[in-house]
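Note that the chains take the letters A, B, C, D and E in the order they are written out, and that residue 1 is the start of every chain.
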Amino acid sequence: MEKYLDILNVAIYGSAVLLMLIGLYGALTKKSLIKIVLGLSILDSGVHLLMIAIGYLKDGTAPIFSAGNEEKMSVMVDPIPQALVLTAIVIGFGVTAVAISLVIRLYRHHNTLRIDEIKKLKW
Amino acid sequence: MVGSPVLFVAIPLLAAFIIPLTGMIWKNSVRIIPGLVLAFMFALSISLMGYVSEHGTIVEVIAGWKPPIGINLVFSPFTGFLTMLMTFLGFMVWLYSYKFKRNVDFEPSMKYFILLMLLVTGSVGIVLTGDIFNMFVFIEIVSISGYGLTSFYTRRDSAEAAFKFLFMGAIASTFLLIAIMIIYSQLGTLNIADIAEKMPLMDNKLKVLSLVFFILAIGVEAEIFPLNGWAPDVYTQAPGPIGAAFAGIVVKAAIYASVRLVYTMYDFGGAFDLFIIIGLITFIVAETTALRQDRLKRMLAYSSIGQMGLVMIAFGIGTKEGVYAALFLMFNHAIIKSLLFFSGSYLVFNKKNKYIKHVNGMGKYLPITSVLFTIGSFAIIGLPPFSGFWSKLAVLTAAADSKMVILIAVILIISILEAVYYLRVVNRIYFFDKKEKTETQKPSINALIAMICLGIIVLVIGFYPDLISGYLDRAATDLMDKGNYIKEVLTINK
Amino acid sequence: MEGILMSILGAIATFLLAFVVGMTYGGIRRKVIARVQNRYGPPIYQNFIDAFKLFSKTTAVHHGAMHLLGPAFLMVSAVVALMIIPVLRDNIWFTNLNFKGDLIFLIYIMTFGPLGMALGAGQTGNPNSAIGVTRGLSQMVGFEIPWVMALVALMIKYNTTSVVDLMNVQNEVGQWLIFQNPFAFVAAILASLGMFRYAPFNIVGAPTELASGPASENGGKFLFTMMSAGSVFAFVKLTLLVDVFFGGASNLIELVIKTFLLYMIPVMYGVVNPRYRTEQAVTYFWGWPLLFGFLAIIYSVYF
Amino acid sequence: MNIIILILILFFLGAIITAFSGKISALVQDILFLIVLVVPAVLFFTGVDMNTESIITFSQAQLTFGMTPLSYYFSLIVMGLAVLAGFYTVGQMNGKKRKGYYYLNYILSIGAMFGILMSKDFISFFIFWEIMTWASYLIVIYNGKNVQKIGIKYFVMSAIGAYAMLMAIVLIHSITGSFLITDLISEYTGMTQGMQLLIPALLLIGFGVKAALMPLHIWAPDAYSNAPMSYTAIFSGALSKMGIYGMVIVFLSLLSKVPEGALIRDIVAWLAAITAAISTLWAIKQDDAKRLLAYSSIGQLGYIIIGVAIGTPMSIIAGLFLAFMHGVFKSALFMVVGAVEKQTGTTDLTEVTGLIRKMPWTFLAALISIIALAGIPPLGGFVGKWMLYESLILSDHFMLVILVFFSSTAAFLYCYKILFGFFLGQEEKEWAHVKEAPAIMIVPMVILSISSIVLGTYPQLILKPINAAMMSFGLPDTYGNLWKESILFNKWGNQIALAPIMYGIMLVFVIVTIFLFFRNRSRTRYVTTKDISTSGEIIKEHENLTFSRGFFQPFLRAVEPVMKRQIDKYMLSFAKGVEDLFEFTRRIYNGNGQTYAIYAMIFLIILLMFGKNLLG
Amino acid sequence: MKIAIILISLGILGFYLMDIFFGIGFGVQHFSNGVKDLYLSNSKDILKVSNVVTSIVVNFRGFDTLGEVTVLFLASTALGGILYKKRHHVGERSVLFPASRIVMSGAKLLFPSIVLLGAYVFIHGHLSPGGGFQGGTIIATGFLLMLLTYRNYSVSHNRLVYFESLAGILFISIGLVGYFSKGSFLENVLPVGNMNDLFSGGVIGIIYIAVGFKVAAELTGIIYTVLHEKD
């Protein structure tokens, strides 16, 4: 039970999960394509926050061996999630860019941004 | 060893970066270089397969770091077999689309071939990589090139299909990341072999939930039932050969990923049942839906999804025979479905909506294409002596050996539906009169060669399945031997 | 040589017997009907006169090969059936071809003639003939069921398909089969009403409707052949009934008495009933006769 | 090279070569076609004996080929009919389009049937079974008429059968670890009771489809009548016998070994009897000769199945004998209909009349075959029926006897209908131009008719191979001894011959004919069918007096209650309902990308909540 | 109805996610024998790279980065394909209203320093926080600023392609050199130098520079393509 009361848990993970849920909510309910893409971006951000948070160590330092802290390896936060999130962000960017371009194409083709009007392909 | 698995990734990427430059000088190079690269990849896979069958699995590390530090590529009989299949199909798709209609424009055709090449590369990467995050990256490569290829035709509703694909893909990739992070947070490693070794340490609840997220994420690419809404649209709207590429390459890679998860990484017995349930639902829904389609490519798409469900079922049986059958199915499906997509897109070439009724009477106008489509249909129904029969037999035998009698019955009943809708098309090709007069497109010579190649494979495997059963057998043994995989990867001395 | 001669003589004797008895019975029937209808009626030997008249006539026209062969088929069937049926018990003269008188063979050979006749009738092109044939065939499907059921009941009971065996059974037990399995007899006799094709089942010939149906294009020797074949058939049927249900006959007198009594049943039934429509004639046999057939079988299997 | 393999290769290569030789010339194609049919037959009869066996090994399966006495018997039917119908085909297909396609599938299906008979393991059996199925399917849709309806129906029913069989095969493999038929037989008694019933039942479904056993028969009337008649001769004569062949194996080597088998055998026998009765009624109703014969075939196959299913030695002999006879006379009849169709362009019994004088040879073949079909004594059909009745009576299957009696009596109705419809009745002007069919079509029919007569007189010609086949199943040697059981053969001791009766009948026939025509023939003159007794009316040339519509209407009214309920209507409406259901599943894909995402969410939620139970 | 289903499922999903991650815990050591320590020590001892994230991104998991770069490349390629029209109308961007003079001047002033900052960030990627992606993005923002400010500002498409391609080729070539000389793709072939020197970490610095150029060129290209979109 105490894990639900831990203020840091709630603050960091809670906000990350909340971001994800907001993003998903937007993506699943909003009719505008732009808003859906935005929702997906928010979802991505939430996940990135989550990833970064995994790597955190209480009272840790950045994983950089600047002069003087060569020996503080044990207090360094985990660098791997950071590296991963870097990759994930770039990939997320790529996806968003393609999504936006598709939205542009769809608007050009259908002259609307409402997703429930763009369903020529069905059944 | 002639070459290394890493070249499967390095060479295409190098080519991808070079092509924009060479394209400025020599326009045709944008078409030829990808073909050469794909041919190289196929040749490389054959040569490595030869090596592997003699000396055992190749584990290639990147940047000189041994697993679990570095990323590694694993070229085993199993992954090698899939690589060979994918690169071969990639080459066939290239061959088929070499004289693509829109090639008059330099830029789009450059993009088409680069995207195609990277699609194959990404899929091969998924199969070869031994690192789970790296797999994510490759999945994204495949997805983005998939989005690009789907929306290639600006005149069609392709953007809509691509957007649906992207929508699902984006959600999927999110959950894939979550799953990866759950694993990482518990085990502190990303290497598949390492994870597999440490998996017993993990909390059971987290194990279950991470697998659930994995299944959702990979399921989108693998076209399992509730996640495959995008698939028919994409198959319909993408250029014809890309449908083949999706069915033959991308889905195979995704299935590989899920199989690797269940067979190697996780140690759940129940996951196999999950495979069977999901596969069965996918199979049933897709095949029943396919029965009622009035557009050719959509029908082929649903059929493809259904076949993938069957593959899932076969993997879910969980014995070596089951894996053997699943691999055989994958092989056959890749070859046959590509053949169907190739020939089918010529049968409805210039039609806007590509209704099934447009194939009426095509047997007279496009005899060879029609015959090839017929052979493909018969093969996928599983009629002997075509190749599809042997894989169906293998699946059923495997299921029977595991005493899954009801499963056999369901598969067979659904197979009847499959027969019905394919035969309806074949009947139309030969026995219906062409109503309206529309011009038909004769297949270009390169497309014809590609189709005939695939047709010959279908026939040859049908008459002599032993040609590939050796590969399949080794691959199945390889997949079943989890301990060996871990040992091979983690004790590499390099 | 002597054996063959005996056989041939026996066959001829059997045929003559059947011919005479059948013709006479036909004459008696006409007389009975006339008396019931309060007429004087023709003499009993009238049939012989008719036959002789027809025999001496020449056939002037025909409609082709099948038409010509039709009566021959009929006659062949009648004669072969006659040869196979055991006319008298243990009598060397009337043994002929009967190899224990197989019932199934009999049933089939008796249908052969009418079918051949039907072909002949078909070729004439006369619609009346064809209609008559279709009616006859329909009716046959009707009465064959109870008939076969009755016989099957006996065959199962005594595990044989031979008429001779059935006759022997009756002699050994000393009790006629009509008493051993009365249901079978009822079913058989009801079926035989249809078999004799007398009123109310005379839908084939149906003089006023179809101008005597299949026979309508025939005359002279052909009609004579048909007529004599009909008489022989009547004899065959009666003998069969006698053999099966009444223990057969050891001499001619007994045979004549038994057959005559049996013969009166369809005749009397016909006298008081008007002609049925075809479907009535068919479904008639699927009512009570069928029920008795079932009872016969149940009786013979379970009792 | 083993001779069986050689024959198979000859068939399959020959099929392809024949198909493409049409590019050279039609004559070459015809000749090649006949060569491909005749040479294997010759090779088979000269080169194959019970010892020839050959094995092709695949990693998955071992394909074993060899001959058993039973398969030899069925090979007689297949090979004989294939050659005869082959000659007929050449005549019938003369000048038709898509000849190569037709020849290809014809030879393929013959080769496949041969392959089925020679297979000693289930894999090759199934492979050839399926080849036979699709080759015949392609012929069924050859005309291009009703392709989607009839063709698909045929294929679906075949697929149901084939897949049931496949299921049985994989179950067998999972139990015995082998695909060999002999292994199944030897290990059958050791199986669990459920498997002992399930495996034969599934196999019987598979065979029952081809043998048109109710309720799996619904494809048959349409498919038989839709295929070209030269193939329907094979279809009904030989292809359906493959189902019988399988049934014989199932009944004799499996079901007779366990006590529970009696149940399945009785069920099958009853189904077959009902099939025979109902399809006979339907045959009576048909106005199209092809459909009439198709229903008739189903009925006849019913008798055969009864014989095989009852399983006493005599009934099996009856079944097998009838199988051969049915092949002979039904092929001849289909050929007759084909000849009429070729000459007149229609097979409607209500349209064509009075061909007897135009096509006498065809009529003769039809007459003899019909007599054989009806089971009227002198000819071969009777011998089989007789044995069937006797065996049924002696084994106390009284209700079956009555059903069989009923249907074979009712069969007279359609027998007459087909003869009358085509050949008898008024000779109309419309058909005055009709000529006799070419000799190449007549000869096979006549040969088949002669065989009916010969087999009626000398049934021992084929009783010998039947006896050999039955002895191979461990049944006693019936040829010499057990015949005494049958009254039919008693009088002449061990001599199994109907010859004396046949001769007796012939003798009487000759006597009567002489009596009728003596000094009579020359005075009788032929008049046309317009010159009939019509109560004084004079019929004009154009007046058509043929009675052919509503031929057996009163009878059909009488049996109306039985015929109201058609099984294929039920099945079709079931199929329609299923398709409508699929229309609903199709709506899952409603085109809205967001909905798909919601599906994904729901899927995720379900897995999250229940994943634990599932994955454990 | 639909909204209710969505809300319920999102609630359940949220519950499970919270459950998972609260269980994992924040800021605690999750595992004992993970690869984290190996990365830290190897980075320090063998590669002599002070920014461990960089050493991971470029060397330990350099394959990921290669994939990542490919993803960007793919995105720009796909974008070009998706938005392809027969003719690009250069100079007719849809800008709602022209930028003010202050913005114009400010942009001109800022642009070089933005580019410089970007270059700094990716050149020092292995020493301090930052790296190729970050630097490349900074440079791309400079171009974005210019594109937004000046209606007629244009970037040579071919030049972008050159940068993009050459940078990519450089990356892979370095990898292949490692493969052919040391037997492992992307393996370091240069001397590693001393910790905290600019020229330390062997090929890492070069690769990051290549990545920086590539990212800059690609992002600019993407922005440029989208900006030129006119309905």
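In this text, contacts are C-beta pairs under 8 Å (C-beta built on N, C-alpha and C of every residue); 3 or more make two chains touch, one makes a residue touch a chain.
Computed from a predicted structure; not experimentally measured.
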item: Shared chain contacts [chain B and chain C, defined touch]; value: D
item: Topological distance between chain D and chain E, in contact steps; value: 1
item: Chain pair, most C-beta pairs within the contact cut-off; value: C-D
item: Chain whose mean Cα position lies farthest from chain C; value: E
item: Inter-centroid spacing, chain D versus chain C (mean Cα positions, whole Å); value: 36
item: Between chain A and chain D, centroid-to-centroid distance (C-alpha), Å; value: 69
item: Gap in Å, rounded to a whole number, between the CA centres of chain C and chain A; value: 99
item: For chain C paired with chain E, centre-to-centre distance based on mean C-alpha positions, whole Å; value: 107
item: In chain D, residues with contacts to at least two other chains; value: 586, 589, 591, 593-594, 597-598, 601-602, 604, 608
item: Set of chain A residues in contact with two or more other chains; value: 20, 24, 27-29, 36, 50, 54, 80, 84, 87, 91, 94-95, 98, 102, 105, 118-121, 123
item: Listing of all chain pairs that touch each other, if any do; value: A-B, A-D, A-E, B-D, B-E, C-D, D-E
item: Chain D to chain C touching residues, read off their complex; value: 354, 356-357, 367, 374-377, 382, 385-386, 389-390, 393-394, 396, 398-399, 401-402, 405-406, 409-410, 412-413, 415-416, 419-420, 423-427, 487-488, 490-492, 500-501, 504-505, 508-509, 512-513, 515-517, 520, 523-535, 545-547, 551-552, 554-555, 557-558
item: Chain B to chain D touching residues, read off their complex; value: 160, 163-164, 167-168, 171-172, 175, 205, 208-209, 211-213, 215-216, 219-220, 225-227, 229-230, 232-233, 268-271, 273-274, 277, 285, 288-289, 291-293, 378, 383-385, 389-390, 393-394, 396-397, 399-401, 403, 405, 408-409, 412-413, 415-417, 419-420, 423-424, 427, 430-432, 464-466, 469-470, 473
item: Touching residues on chain D, where the partner in the complex is chain B; value: 58-61, 123, 126-128, 130-131, 133-134, 137, 141, 144, 147-148, 151-152, 155-156, 159-160, 163-164, 166-167, 170-171, 173-174, 198, 579, 581-583, 585-586, 588-589, 591, 593-597, 599-600, 602-604, 607-608, 611-612, 614-616
item: Chain E contact footprint on chain B (complex, rising order); value: 4, 6, 9-10, 13-14, 16-18, 20-21, 24, 60-65, 68-71, 105, 107-108, 111-112, 114-115, 118, 125, 129, 131, 133-134, 137-138, 140-141, 144-145, 147-148, 151-152, 154, 159, 162, 178, 182, 184-191, 194, 198, 203, 205-206, 209, 494
item: Residues on chain D engaged by chain A in the complex (per definition of touch); value: 586-587, 589-594, 597-598, 601
